[in-house]
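These are the structures, in structure tokens.
Next come two complexes, and both contain subunit A; in the first it sits with subunit B, in the second with subunit C.
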Partner chain A sequence: MSVEPRVRQFLLNNYLFTDDDAALGNDDSLLQKGIVDSTGMMELIAFLEEQFAIRIDDDEMVPDNLDSVNNIVAFLARKSTTRSARAGA
Partner chain B sequence: MCAITGVLNLLGAPVAAPRLIDMVASVRHRGPDDTGFHVQGPIGLGHARLAVIDLAGGAQPIHNEAHTVWVVFNGEIFNYLELRAELEARGHTFYTQSDTEVLVHLYEDYGRDFVQRLNGQFAIALWDAGARRLLLVRDRVGIAPLFYYANPAELVFGSEIKALLAAGVPARPHLAAIDQIFTWWAPLAPDTAFEGIHELPPGEWLEADARGVRTGKYWDFDYPASGNYTAAPEAALADQLRSLLDDAVHIRLRADVPVGAYLSGGLDSSVIASLINQHTDVKLCTFSIGFASAGLDETPYQQAVVDDLGTQHARMDCEGGTIADALADTIWHTEIPVLRTAPVPMRLLSGFARANGFRVVLTGEGSDEVFGGYDIFKEAKVRRFWAARPDSAWRPLLLRRLYPYLDITRRGQGYVRSFFGQGLGDVEAFAFSHLPRWHTTALCKQFFAADVQSALAALPPMDVRLAASLPTGFTRWHPLNRAQYLESKLLLPGYLLSSQGDRMLMANGVEGRFPYLDHRVIEFAAALPPRLKLRVLREKYLLKRAMAGRLPAAVLTRPKQPYRAPDIAAFVAARPDCLDLMSPATLRDYGYFDAVKVGHLVRKALSGRAVGQRDNMAFIGILTTQIWHHRFIANPVRLQYRVDSSMSQGTTPCRLNHA
Partner chain C sequence: MSLLARLARRVAQQPSAEALVHGAERLTYGDLWSAIGSASTQLRALRMPRGARIGLLLENSPCYAACYYAVHAVGGVVVPLNPAARATEIAGHLNHCAASALIVAAGHPELDALRIAAPDVQVLDAEALCSGGARVAFTEPVPEAPACIIYTSGTTGRPKGVTLSHRNLDINTRSILAYLPLSPADCLVNVLPFHYAYGNSVLHTHLIAGARLVLDRSMVYPRGVLQAMEAERASGFSGVPSTFAVLLSRADPAAHDLRSLRYLTQAGGAMSTHLAQRVRQAFPAAKLFVMYGQTEASARLAYLPPERLDDKPGSVGIAIPGVELKIHDEHGREVARDVTGEIWARGENIMLGYWNDPDATRQVLEHGWLKTGDLAHRDRDGYIYIDGRRSEMIKCGAHRISPQEVEEVIAQLDGVDDVACTGIPDELLGQVVKAVIVLRAGGNLSLKAVQRHCRERLPPYKVPRAIAFAEVLPRTASGKVQRYLLRDNDHTKGERDVSTGTEYARG
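Right, the complex of A and B next:
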């Protein structure tokens, strides 16, 4: 499964408690819509670190990176590019 | 405390005695020592007695000299000695030594207003045979419970809802009240979780006769208009408070059985234990709960107080599995769904106290409401300060002082704004202080079934009803006093004094006494300047000042820790039978919740991944709603006379540690 459906499924099952794909838009703000609270954000970070084998630094824990499906997917893509670049160097 | 029950036939037809016997049998856990009845024509009164004062002669019902006024009573009148002396001086003659007997004579002299003379905790049913009128009254703040059901033919009442069900009152769920629980944690009186069954609100009376049923209020929490506070030097007020509390404790030691105390390790119960110690040469016995989880356990603080005061202390260690196993029976006693497991250890603790030979304990509830102790008061103060400059980046940082786990500078900025920013634009809204809590709790409603959600959407908004119930002076009060009022009218009687208080105590025939809820203490504190309660962000300022030097410094200065028990965590390892009630089939059968959503929540919870308050409240709220429905609605058992099975002393599964 590619990144986006995995992230979506995690959010749908664990915060919206549904299988209904229509319940979450890719640009919906997780914080503003009350989908994720502060402890939920910790769970989300743990999920991303574990599932995508990355380490999220404190200064990366900002809404620009984590506040919607699209932000998360883009963030993961950037992390993966950085990692490949480092690996290639 | 005890249990009272009764039936008044409003059409004048006679009441059948066996019905009264069934009612009393259903609440016998509250009063295992004796039963008594008065059945005459249209009135039937029943009583189950927990003997505490005048062990030999205090059997109820009690009557006046002419046998024209009859009373059954649950609770204590702490100033009964003073009242008795006054009544005897006026020529009344007494046939017992009990506190109950002052009620009939006070009623003869003062009529319905007699309640104003009482200092105590009480639910009273008084039959005036001459006027053929029944009077029910409940204490000012809601320590003693009292429920009723009325139709054109009769009024049925009892200390617990079980007694009404035993009398044949139908058990039907009250969806609007469930909605309130999933917002406020408790329904607003007179609502209960049962359709048609009402709670007599604290501070109110009810009269019933051939003309019908009427209710009215005789007391309420009241605060001065902003600015008109008690003006006296702080030191003098601290002295006054200490002597008032001292007397509130003193009169609560009146009993013909030994009196113990609960000790949480917090300020409030430590103050009580310290004051008791000054009144007795007998070693005070104290009881506490210990948890394995360091985040919940307060044992070191308890031990500091025990060492300082030299009490005879007994601690009950409570494991998560024990809580999970005991939840279903606890809901039998709360008679209402709850959002936390915190009541369970309180029930086990009363069983522990009883097994140690105690049937009366003093306890510290009410101090946070009366003296301004809760975080929600501080949170509201910071939010109000923030609202004055909503774009400020640093004003919300003050919230970190209250909730150190909030990493506001980094990941939490967006969350803090979306959570604590609730209602920031309307600082004059009556519920400004409570909006973030209610909003978070209401998120649990996403689990309601679709048709329940639409049924609830069609009801009048609950906050409109709450707003309509507020006293006229409310808007002229200081914001802290408004928040105190809301807390004192909703969570205090609806949850803390009932689901976590009376019901858990009386499940094992133990009476709790609450010095901070002495109405003289409440009225004194209400008139204080708010800065003597919440000084900047330091809670219970005057109480701490009054007790400085009399308690270990560690207790006076420790950060406040709310009493919590393991919620979902208790179920991850233990899988009690009641979890079957969250199966898709049972969820669909009972109809409250969406089976698919709950399925996701249960999987998340039992995998150990649910850590947030939101998931915890939803899980326990759903589970206890299912248990409640299962026990009271789906399988209404004929209530039996079962003293032993409903008493858990001696069978408590907790490990006992005598310190």
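Right, the complex of A and C next:
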């Protein structure tokens, strides 16, 4: 499964407790919509670190990286580019 | 004197000093006063009677503060409500206190449902109330008149509205300022919701003292909170134990210049001595004030002087100025030192009672004393240590959850014969909700189905994190559920095939 559906499925299952794909828009703000609170965010970070074998630094915990499905997907893409660039260097 | 009169005095002293910072918005005391003028002028035009209850359903914002004081300016009673709550709960509270109006942000997701569930309540747009400016005109309220109703439990059957008078709020604000002196030089980054007693007291103490409050939305991005502290040269920060746990586990205070920080306050449940130690190490320049209180006491009842943290670890300290605390046994007699009993409190900060509920009021107020339901003992120096709670309320982060409320929601599900909820320990939040369900014969339910049902009707923090299925619930001879027995899994012996004992959600 590609990145976006995995992230969506995690958010739907764990915060909205639903299989209804329409319950979450890719640009919906997780904070504004009350989907993720501070503990929810810790769990989201743990999920992303484990599933995508990355380490999220404290300074990466910002809304631009984490506040919507699209932001998360773009953030993961950036992380993987950085990683391959590092691996290639 | 009322809080509003004290605020008026402060505004006259320092109109151009900053009062509230919220994102890019920076309001001076003069700006705040002018927003109060605008809101109170518009509210007055509605000709509501003195003592009218006015709901306030807003996230922390300058507008929240302006509307709060504007309601006082027109002689109304503020009813702060939880913006994360669902329409049924909010309407339950509005209807319970027969509110005349509700101040709410446009676009609140529950607004349409609210108009149906509380049809007699006039809905007022918060932004419109606060924009524009006007002079504040008010007459000093009667000190004993209700100023604020804070609902402490969302129990749909029986909401408890803690009714605080103008005197209660003023006295408690001044008592706090007596042990925690604040000045116009202070600045606090606030993440606590104003609609709870703790946040409410942070708001009043800082504004009355002329300090600056920087409103950060929440602890979702802990590093942002530290950045705000650094950028604003904050001198103070307040939290419940989980606030500090999140801050230390997902952000690095050492990476920020926080030398300006001089005080930290903690209330809202016992903080472990280990966490208190970590907090002090992480913020070496700041004094940590461990505090204890209740909504029924306006907010604060006791505090531990920071210089006693080392010789009284785990203590919530001594009574704050103007408050008397006693520890009683079941027969109403004071206990000897080191013996556990119930904390009774007396002082002018103790609530008038529960709104429109003399029976519930009689159960906790007796000859001017508040029976807190908190179990504690004193050491030989009179320092108080909390040992437990008589009440079954679940303490999750900054929230208090009534088990009945979650039970009532789960009971609506098909297949549920009986249900009881309790709090189980959680490293970060203190407690989370666990539900124990007895299924009807042939009933079938998954953890997810229960959680989804709850999530549709309750804010996220009330959704059970753990669920167990049982044949019967443990009850006393008189039939009352023994919730404390639900915490372990012994009662789930002989569970049905549909489940395997306790299921845990989200790890």
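Methods note: the second predicted complex is superposed on the first by the 89 of 89 C-alpha atoms of A that agree within 3 Å, B and C clash if a C-alpha of one lies under 4 Å from a C-alpha of the other, contacts with A are read in each partner's own complex, and residues count from 1 in each chain.
The rule we apply is simple: contacts are C-beta pairs under 8 Å (C-beta built on N, C-alpha and C of every residue); 3 or more make two chains touch, one makes a residue touch a chain.
Here the structure is a predicted model, which means the values were calculated and not measured.
> State whether A:S2 touches subunit B only (first), subunit C only (second), both chains, or neither.
neither
> Touching A:T39 in the superposition: subunit B (first), subunit C (second), both, neither?
A:T39 contacts both subunit B and subunit C.
> Hey, what residues of subunit A end up touching subunit B and subunit C alike?
Touching subunit B in the first complex and subunit C in the second, residues 13-14, 16-18, 31, 34, 36-43, 45, 58-59, 61-63 of subunit A appear in both lists.
> Any idea which subunit B residues touch subunit A in the complex?
405-406, 410-419, 439-440, 443, 446-447, 596-598, 600-601, 603-604, 609, 611-614
> For subunit A, which residues are in contact with subunit C within the complex?
The contact residues of subunit A facing subunit C are 13-18, 31, 33-43, 45-46, 58-59, 61-63.
> With touch defined as at the start, can you tell me which subunit A residues reach subunit B in the complex?
For this pair, the touching residues of subunit A are 13-14, 16-19, 29, 31-32, 34, 36-43, 45, 58-59, 61-63, 66-67.
> Contact residues on subunit C for subunit A in the complex?
Within the complex, subunit C contacts subunit A at residues 84, 109, 217-224, 242, 246, 249-252, 255, 397, 428-429, 448, 451-452, 454-455, 459-461, 463, 505-507.
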